[in-house]
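Below are two complexes that have chain A in common, paired first with chain B and then with chain C.
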Partner chain A sequence: MCTVVPISLTVGANRIVPTVAIPHPLGNPALPLEEEQEIRRKLLDKALKALTTEVSEQTVFE
Partner chain B sequence: MKLELGNIFIHDIQFDDLSRVENGVLYINEEELREHLLEDENISSVSFDIAKPGESVRIMPVKDVIEPRVKVEGRGGVFPGVISKVDTVGSGRTNVLKGAAVVTTGTIVGFQEGIIDMSGPGADYTPFSKLNNLVVICEPVEGLKQHAHEKAVRFAGLKAAAYLGRLAKDLEADEVESFETPSLIESFRQYPDLPRVAYVQMLQTQGLLHDTYVYGVDMKQSITTMLYPTELMDGAIISGNCVSACDKNTTYHHLNNPVIRDLYARHGKELNFVGMIITNENVYLADKERSSDWSAKLAEFLGVDGVIISQEGFGNPDTDLIMNCKKIEAKGIKTVIITDEYAGRDGASQSLADADISANAVVTGGNANMVVNLPPMEKVIGHVKLADTIAGGFDGSLQPDGSIVVELQAITGATNELGFNRLSAR
Partner chain C sequence: MAKFRVVHYINQFFAQVGGEEKADHRPESREGFVGPGMAFNAAFGDKAEIVGTVICGDSYFNENLETATKEVLGLISSFKPDLVIAGPAFNAGRYGMACGTVAAAVERELDIPAITGMYKENPGVDSFKKDIYIIETKNSAAGMRDAVKVMAPFALKLAAGEEIGASVEEGYIPNGIRVNFFEEKRGSERAVDMLLAKLAGKPFTTEFPMPDFDRVEPKPAIVDISKATIALVTSGGIVPKGNPDRIESSSASKYGKYDIEGVFDLTESTYETAHGGYDPVYANLDADRVLPVDILREYEKDGKIGKLHRYFYSTTGNGTAVASAKAYAAAIGKELVADGVDAVILTST
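For the complex of A and B:
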């Protein structure tokens, strides 16, 4: 999970889940807590899905 | 657009009853300047000190370094949109107190940045050890929030520089330099056979102590745009960043950008320097993509053969750098990038966080992880205890004898990515 996908691609990561921003990858301090938790939950679900998905090349899970 | 710089050489700086410039000496009335800076209600106290080349003096943590300048002819005033009203600068005549600078220091948030040693081995790594510096130390009113504190200190430095600059308004310059950028069409007519070159300057725009302002606009809220290079010489771009001070551009760097100077020196001879593009380095991936798309689009629109790209900072801005490079190269335009390296203390690690095959012409400002030992100084202006918490410092970096063991990244301007430094290799 990372914000700067190009760096993840450069270093050779297999499964990449894009996140929110460099200072706050899994949240957004501008939002109320419930909305932030919603973002976090969705990102985590996506990451778990990515982990259980077979990949044959570098894959970005948009 | 044409600008003349009238340089007035300053070889000494002293406190005195009357602020003035006389025979190359800058005299400053402390009280008058203090009153001027205390007009800001966010500042509770201001003190000054003087640091001259060769003295056993350490200044830390440095926030910004600013060269005193004043508009003599032409539109607007220095630092437009910040200290002067918004008006397009960069034409006419500007006088410069060459050899003098205002240095701001103060503690704002956790990581505190920037060392300037006026003598010893540290002095070789920072260009500001060669200047006669007026150090401005501001204390905020109680309870002032960090962002407001940063702004107050930033403005105090610029106001002090503008105050000193005004002393040069009616002076005869020791030397006059001239810089001119005609319209795109006119420059093509003048030099049809010379390669056309533009400069892409990347500006640090990542939040508190990581920001840059253009005509008073926070550059992270702007899309990539263009300026006449002479606008920088009047302070169109000012620094609000100092973290990892080795590769951050102070306002002094922007005023004296060596990429611009060198391109002007070759303009009409080896190349046609058509102008410059400024872009940002934001913390959202979409911003990085959008801004680098625009850099490439504007470079294409200018019809240039080559582009020089300078980075500011390191880490994720390496991605902005590589995006700018490969997108401009993809337009069939050759690029050279100027960066610095974080290659580990032994220099053996990968230098940049990102890379691409099109980044095949690279100039480096040096390895910021290199460790240096700065011997104790007789006098410290600022807060020496911060050595342990500055980027590039580490536990125990302040030694019992007052010496400091740090990575180069703690030294203001040491690996500057405009090339405004002296590191070299053989």
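For the complex of A and C:
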């Protein structure tokens, strides 16, 4: 899970989930905690989907 | 000025002793130049002369590394050289290892400058590029003439004790040494020049070559995530408050392993980031923004995932060498497998 997807592609990650921002990939300090946690859930759901999806090459889960 | 005395080291093949069937040829020495030494001698002109050639079979050398090195060094020093040239070995692996070993030993033990030449993928390159100057050559002996053109003047420079320039100017394989100097044009101008050259399809030289990263086959998908143990790993530098392992804020020399049994939320008073490459304010206030322990605990409780692994692993991915990162990954991976972890979520900043 990362914000700078091109770096993850360069280093060879196979399942990539784009995130919010470099200093807070899984949160957004501009939002109240509950909304931030909702963002975190959405991103982690994507990560779990990535882990349960067969891939044959580097894949970005938008 | 007297001519520099040069000794040339070559294998059985270039000495025309024989091919693979003579690869066990024991070290011997001959007066003057042999084989490719002729081209070097000509290129030296009146500045240097090959006074002797030391020959050894590639298999003999590599199978008897210690004794062969000692024997070859003895033969080389008997000529009292000012300079030693080994090879070039092009893409011949054993020859490359022999040339690298000989050149490095000559510099280290005889205190005489020594160089060699190799194709960039010769295994001798990675083993010796930090110890000696290795001139980059083509991958076969067809590149001999070009190799001599670069190696001979470079060797003379080294023997004369002249200042050695950057690898791109001199033609040696980068040895990892960086030298500070003042560039005439400032960085932004150089970057735009490079970009324009790139857009125009013209050649340009990067000032920071990226390392070659390897690729791995994707792992099969997790069949039942509700039974899977998931571990968290991060290059975002999340550590218990106070950074107990003193993980460096950049160019990390280590990673940390932290027990999160009974931890349901990372708070300002319990966790922080050690990372020096991004604004730490948001992670220090709530480290779940980098390492999502809070939501994964929720998922664990709801049965959405099997289990959050008891430990998380963390380092700072800021200027950290690829070789270090690779070593940490190997060590962490081994433990995760041994602990029965099914999947890893790696967060990076």
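The rule is simple: the second predicted complex is superposed on the first by the 62 of 62 C-alpha atoms of A that agree within 3 Å, B and C clash if a C-alpha of one lies under 4 Å from a C-alpha of the other, contacts with A are read in each partner's own complex, and residues count from 1 in each chain.
Keep in mind that, in the parts below, a contact is a pair of C-beta atoms (placed from the backbone, for glycine too) under 8 Å apart; a residue touches a chain by one contact, two chains touch by 3 or more.
None of the values given here were measured: they were computed from a predicted structure.
Under the clash rule set out above, the superposition-derived model of chain A with chain B and chain C contains a clash between the two partners. In the superposition on chain A, A:Gly12 contacts chain C only, with no contact to chain B. Applying the stated contact rule after C-alpha superposition, one finds that A:Glu54 touches chain C and leaves chain B untouched. By the document's definition of touching, of the two partners only chain C reaches A:Gln37; chain B does not. Once chain A of one complex is fitted onto chain A of the other, the partner contacts of A:Thr3 extend to both chain B and chain C.
Shared-chain residue A:Ile22: touches chain B and chain C both.
Counting the residues of chain A that each partner touches, chain B and chain C differ, and the larger count belongs to C. Among the options 27-35, 99-107, 153-161 or 189-197, the segment of chain C that ends up inside chain B in the superposed model is 189-197.
Residue overlap on chain A between its contacts with chain B in one complex and with chain C in the other: 3, 7, 10, 22-23.
Only residues 1-3, 7-8, 10-15, 19, 22-27, 29, 36-37, 40-41, 43-44, 47-48, 51-59 of chain A touch chain C when the two sit together in their complex. Residue ranges of chain B in contact with chain A, taken from their complex: 206-207, 283-285, 288, 316, 318-319, 322-323, 353-356. Touching chain B in their complex are the following residues of chain A: 3-7, 10, 18, 20-23.
Remark: chain C residues 210, 213-216, 218-223, 225, 228, 230, 236, 278-283, 285-286, 288-292, 294-296, 298-299, 304-305, 343, 345-349 touch chain A in the complex.
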